[in-house]
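Note that the chains take the letters A, B, C, D, E and F in the order they are written out, and that residue 1 is the start of every chain.
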Amino acid sequence: MKDKSNKSKTWAKPLSGREFPRFSAIKTFFRLPNASLKEKFDVALFGIPYDGGVSYRPGARFAPSAVREASSLGRGFHMTRDRNVFDVLSVADIGDSPTVPIDQAQTYEKIEKFVTDVLKSKKKFIAVGGDHSTTLPVLRALKKHYKKPLNFIHFDAHLDTYPAAWNCEYHHGAFARHAVEEGLVNPKKMLQIGIRGPLTGKDDLQFIKKHGIMVKTVDDVRAVSLQKFCASLPSFSDGLTYLSFDVDCLDPAYAPGTGTPVVGGLTSYETQQILRALKIKDLVGGDIVEICPAYDHSDITSLVGVDVMFELMHLMA
Amino acid sequence: MKDKSNKSKTWAKPLSGREFPRFSAIKTFFRLPNASLKEKFDVALFGIPYDGGVSYRPGARFAPSAVREASSLGRGFHMTRDRNVFDVLSVADIGDSPTVPIDQAQTYEKIEKFVTDVLKSKKKFIAVGGDHSTTLPVLRALKKHYKKPLNFIHFDAHLDTYPAAWNCEYHHGAFARHAVEEGLVNPKKMLQIGIRGPLTGKDDLQFIKKHGIMVKTVDDVRAVSLQKFCASLPSFSDGLTYLSFDVDCLDPAYAPGTGTPVVGGLTSYETQQILRALKIKDLVGGDIVEICPAYDHSDITSLVGVDVMFELMHLMA
Amino acid sequence: MKDKSNKSKTWAKPLSGREFPRFSAIKTFFRLPNASLKEKFDVALFGIPYDGGVSYRPGARFAPSAVREASSLGRGFHMTRDRNVFDVLSVADIGDSPTVPIDQAQTYEKIEKFVTDVLKSKKKFIAVGGDHSTTLPVLRALKKHYKKPLNFIHFDAHLDTYPAAWNCEYHHGAFARHAVEEGLVNPKKMLQIGIRGPLTGKDDLQFIKKHGIMVKTVDDVRAVSLQKFCASLPSFSDGLTYLSFDVDCLDPAYAPGTGTPVVGGLTSYETQQILRALKIKDLVGGDIVEICPAYDHSDITSLVGVDVMFELMHLMA
Amino acid sequence: MKDKSNKSKTWAKPLSGREFPRFSAIKTFFRLPNASLKEKFDVALFGIPYDGGVSYRPGARFAPSAVREASSLGRGFHMTRDRNVFDVLSVADIGDSPTVPIDQAQTYEKIEKFVTDVLKSKKKFIAVGGDHSTTLPVLRALKKHYKKPLNFIHFDAHLDTYPAAWNCEYHHGAFARHAVEEGLVNPKKMLQIGIRGPLTGKDDLQFIKKHGIMVKTVDDVRAVSLQKFCASLPSFSDGLTYLSFDVDCLDPAYAPGTGTPVVGGLTSYETQQILRALKIKDLVGGDIVEICPAYDHSDITSLVGVDVMFELMHLMA
Amino acid sequence: MKDKSNKSKTWAKPLSGREFPRFSAIKTFFRLPNASLKEKFDVALFGIPYDGGVSYRPGARFAPSAVREASSLGRGFHMTRDRNVFDVLSVADIGDSPTVPIDQAQTYEKIEKFVTDVLKSKKKFIAVGGDHSTTLPVLRALKKHYKKPLNFIHFDAHLDTYPAAWNCEYHHGAFARHAVEEGLVNPKKMLQIGIRGPLTGKDDLQFIKKHGIMVKTVDDVRAVSLQKFCASLPSFSDGLTYLSFDVDCLDPAYAPGTGTPVVGGLTSYETQQILRALKIKDLVGGDIVEICPAYDHSDITSLVGVDVMFELMHLMA
Amino acid sequence: MKDKSNKSKTWAKPLSGREFPRFSAIKTFFRLPNASLKEKFDVALFGIPYDGGVSYRPGARFAPSAVREASSLGRGFHMTRDRNVFDVLSVADIGDSPTVPIDQAQTYEKIEKFVTDVLKSKKKFIAVGGDHSTTLPVLRALKKHYKKPLNFIHFDAHLDTYPAAWNCEYHHGAFARHAVEEGLVNPKKMLQIGIRGPLTGKDDLQFIKKHGIMVKTVDDVRAVSLQKFCASLPSFSDGLTYLSFDVDCLDPAYAPGTGTPVVGGLTSYETQQILRALKIKDLVGGDIVEICPAYDHSDITSLVGVDVMFELMHLMA
């Protein structure tokens, strides 16, 4: 990211809490300006309010709004990286992707088009889903735009490589399978973190074995010290990388507000440390999905979402 | 309902709180036996756990489970009617209709088939939705089975005669329009109670005017004494009648757990009195829809659902 | 109540919000002094933290604490009666009756002894239960002390004249039957208000019919204007009167925090008007029961309890 | 409001739910555009996020944000008035007034300046507080701008004419006294609705008696039929009028999310009917205050706030 | 467990989420069939809805119902054990043990008889309490049936070896003492895990010292790496073993929904690892107790209960 | 602490749960007597109900009341220290410091005077805030009384050395700066634990660098084993020490009920271990601040507050 380009974009900064207290003003992500893609800035933040792909608790459609509200507490300076992301990146909130709550096919088209427009404007982006089925059209747009499969880092409790359910291909537990099958991501450069059981059956593991996807279970994360685990992570120094963070990789104690919680998950400190340890040359986009505000309390899950956005912006800087 | 037929069905009674306290045992509607349609009884209770038709808050898919839980407090003796409904009707819980959370077309087919099976078994029924889009396939099954349009009593804050949204015909605000357009119900014998604004525009009223549907707004209910209002209700002494109760006809104070609440609604006492005053010769089925447990507190909305089921059973007796 | 006696008791006043804001200080009922029975004052407020008699949701054991907290908002001046109750009565919080959470027999003895001590000290009292089973030992103490049956005003959704359950006589739905059977109250001077169905069966009504107890259902309250209903209430100008207020007489919208809620109940305005209309010569005691804080939200049920305490104090003044 | 001026402002309309579902998009009041005062439109909506004047529960600083969220369900067509307010008025969200959470004096200056700017731009306005202490600087700005005292319609459980507390003049229970004492409003054209006890003492009533303020208690509202009560309301056909709506005029069942709830309040239907019955020639501004989201559930109190905004816009049209 | 016996019991499998989505159908544990003891299967799951033994927050009576609901998310394949428990064990939900909410003596008899019937049918079992006082009659039934003391593994924050309180022997903090004193368990083969203070006094520790019970405090668990701690656990390769899991062994962050929470507890990952590391030859039964749904949020505590059931089934397989 | 002095103070003990169950009785900290400073005892517990210094969520004014309620579960015996604190210290609840919710200057004076009175009575103390701005007047009183700067141990997510905001010096993020600038604490003997980002900017770190304040971030705590970290802590064997514990040092999973939560925080076990490892010769006072009950659930944050009080009492013993 060039400082030069940024200097002309001093408007793309968070509204200061010194002018307007953090509980005030119309809520945008990180109190950033609501901008259109025609304007020049580096990273576009947006929501994908759709939860029509879930198999259990719906409600992630309200995540963009809840995360905007919680992100009022967001700040830009990273103590470990010793840098304020808003000094090196210009960032804006471009609103939400259009979606159709009761039609997945239309929604997929709209998301794909929306992300394509973002990419055409030469911006990176961070999306707040939505259930995990919304990641697929995002990856499709990336593939079409960049014309090659992406490296893919995937935080989740679930593999999301499951078969169709109820004759429906595109539920929230199948997006990763489609991403591989459609050639959107490179399974050899695909990393899943936070996976844990129980599963429905052993068959659940076949897909990752067949495609050689690297899976780091919670047991793997905790088999050694966190520092050692972080040091063991593969590098993403070639190609373009996308990162998708399903909040259910975290334990329900840390992220109660989600649709299909799984006991025995990661702590938010662990995900912070892993995100900080990742070596990614070119992170072109990322998302945080499966935040379900109706099941959250005191916004603790939304705050995790805000924190992941903060780390992703720093990974992009 | 013949006593005779009932005598052979003494099993179709609620589990006594004297044997198992009301907080115990596997939860069925009214602590009734879980039965299959092959068994003989008068009224089948079931759930339709689907909320893929909503435009705002999802979550009504959990209503059957929440109402089953709350119905543990249910009892059968009606102080006004001086009768225990379980003395004159045999009732059982037949479980839930199959649904597909992410596919409305499949869901509609499954619901229609499920209700058709109920009707073939010569039972009346009360369904717990689901969002209001689930009423349409129920009415289709009724029409096909009875071969004539039904009288239709519809409690709601909304007219539900709205046009397609996002090119989707079958959202939860359009089912009543389809019911009329498909000839499932007789608009001349159709009564809507609890309607109130605000509306999106004047056009919203055209459909009911064009079809001569009788609408009783909250203002109408309260323009005179409740006794007078009840006395003014039309009679449904001819033909077969279906009653659909959307809990948002109630004020959010009485039914906070719903997807699209509207201020200024009915009280639960008013709906009780209206339900008791209705003169219906042959109530073949009914439903309670739009209970959204994630937004309820201490089950007060589910308890309203239980109460409506109680009144419907008495209307069927 | 003699002004004279009161003048020497200026200490028995609420802590002023002007000195300590209402959210501060150790919580006593109405911010009144915590006093022992040896001190001189007119009315003792106390808790009876016991819920071992409930058949559904427990938790009323926390009601005294929750009502103390909410009563910080309490004030003394009655706009209709044009009088500050604390100008004419000296009132203090004497803490809680001892109870044993897992032993009803011991609890009954302790409550009876505790109330007897209050009566011996020549004070009136208002108790915050507890479930409704706690009213029975209170009435026993009153009967022993005053040596005659009391007039009894009973607000409730339920008759509480039910038979033993699970071979247990003293559950929360049977206290009124015992009160009559043990001669603690005079059934001819007994009034039940707020009663409504559904009931378990017709038998439920036998006891009140047999004993000639006056029952005012919600339908009775609303058959005429509230003013007329209030004017029709019997007078309690002879003898000593006790008033027991079960919050489930109110609709769940007004009192969600209770153990066995019943739809279609009274509004808090109705109970206020009825309490103000009651003509009671000598109200020797009263209680508010069945507040279950774990099911309340934002203390609205506890606030109803505070309001009833306020009206009872004025009825005693 | 001239149709002419409006025609050029077709942008000042709510975002259609047909384009973006109601749960999506950055949240503004009624999904209206976020505009600056330089733009031409009729009514400015804004928040006053400040709660430093409360005596009990704080949190109203989050009301503007919560009401913006809930107002996604808002619509413009009024069934009784047979008119879509957005067809006759152009309305926009101008964001929040600056405030300083820990300094009332600075906040008062900022609010007064903010409202002055609105008035200079020749717009009417509706503000979402904030605690009731925020109404005073609003009235000061109005008085300075219009140079004469306003008619004042005040919905509240409390008189808000109380003396200083803790040597602090400007708490949320004193704004109405200051408004009279500073000559901002005309006490002869001042109407308080929803008032009820208990009060701290009889002295509380002196101010209104001395100044001849018209008070309509809840008892007054319910002494006759609601239609009759509405018909008895005074007319505000002369001069300029301001309306301040404290949600605690409503019963806690209807508005649990407030700072100092009082049992026995109005229903939302009653306030709707009263607002519709008011005859106001020139309503220059209004506010909704004391919504405290942390104590609300499922947004029912915020929804009441949205409803009052809807009625106020229609009163301005 | 013989595969042979299992083959004839293919009915004793969870209802597939592919046929009925996980939010649908009548709720049984793990969506397993509701069966009677006459049928042949290996492990019986049941509830013990009783909380009359608690000293602080009641409500565990609702645990069986809440855990049934949450167990809809349950699955059978264990990633570490590489096995689907439902392939090797046939399991069914036999409903709840009868209980009497207000009579501990009757309840104890009913539980003991119920468990005896299970044992006579030659099944293993997992029970969902209830408060911890419900474990005593379970152990009594086991002792009578197997005629020898059991090995006993006990997860808890509390020792539960406390003396009688209020002259009541059988409160929830005394069951372990009685189990030892009545010879139901072998104190030399008794292991307590998760214990932590504060205690009431040093005397609290006397019982375990006197009887040589092995106590592993949270400090013990964390004094070495979790792998080392797990390796240090004693083996239960002789005799029959019972395992009782009180959710308050977990930190309140992981299990807020419990009656007597204690800060500084285990994480759910730690209990998972310990459960997986246990070497138990013959686990004849187990229970999960002290889940108090009214204090849970978004079912995270119930989900822990489901997870423990999953591990126990695998320990039985 | 001399045993001798304690012997005459046997009254200053918690109310036994054996006499009154823990859910009963008027709520004081740890069920200790409510005493005046004139009485002789060692440690005074009190509340400082004020939250006028917060920048985001208010509500800490209710913390003293919530912690009193939760402390009913408190006990005195420390398993690690092998000692019951109430055997070696006499402790009492002296109520709350006066505060003025809407005037910080008055509040600061009142707090300073209140603490001065405590110190004059030769007692140590533990205060329950209040937001963190309340610690400053406490430190002022200590400095005036002891006439020298204190050692200062400060648990927090935030440095609280930030500059004035909105021209207001005394907000909750600036108290530590003032404490240093006013010479109340010795920055060379000042330790901050739990600090983590994100920060607003690098400037945030200047103050601590300039003054040589020792900061232990969460990363520092977790860089080595917890035992090692604890062993590395500096000793406070000289001079007088004050300890201030902001609950937001904990992760939101452990302390959701706070005003400005920060993801990635400490666990309650870590803070317990650190508190136990601290070597403090003379701990003259301490506080627990920023507990915000309206955002807590099931009191888990208040319980952490209780636990910190327990550890502080033991540090004083």
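Descriptive notes on the structure:
Note that in this section a residue touches a chain if its C-beta (ideal position, glycine included) is under 8 Å from a C-beta of that chain, and two chains touch if they have at least 3 such contacts.
Everything numeric here is computed off the predicted structure, so don't read it as measured data.
Relative to chain E, the most remote chain by averaged C-alpha coordinates is D. In this assembly, F is the chain whose CA centroid lies farthest from the centroid of chain B.
If you average the Cα atoms of chain D and of chain F, the two centres end up 40 Å apart.
Put simply, the C-alpha centre of chain B and that of chain F have 55 angstrom between them. Shared contact sites, meaning residues of chain A that touch two or more other chains, fall at 21, 23, 55, 57, 61-62, 100-101, 166, 251, 253, 295, 297.
By the definition of touch given earlier, these chain pairs are in contact: A-B, A-D, A-E, A-F, B-C, B-D, B-E, C-D, C-E, C-F, D-F, E-F. Residues 19-21, 23-28, 34, 47, 49, 61-62, 64-65, 68-69, 93, 95-96, 98-101 of chain A are the ones that touch chain D when the two sit in their complex. Of all residues in chain D, only 17-18, 21-23, 72-80, 82, 84, 226-227, 251, 253-254, 267-269, 272, 297-300, 303-304, 306-307, 310 touch chain B in the complex they form.
Chain D makes touch with chain F in their complex at residues 51-55, 57-59, 61-62, 100-104, 106, 166-168, 170-171, 294-295. Chain C contributes residues 55-57, 165-166, 196-202, 204, 217-219, 222-223, 251-253, 256-257, 260-261, 263-265, 295-297 to its touches with chain B in the complex.
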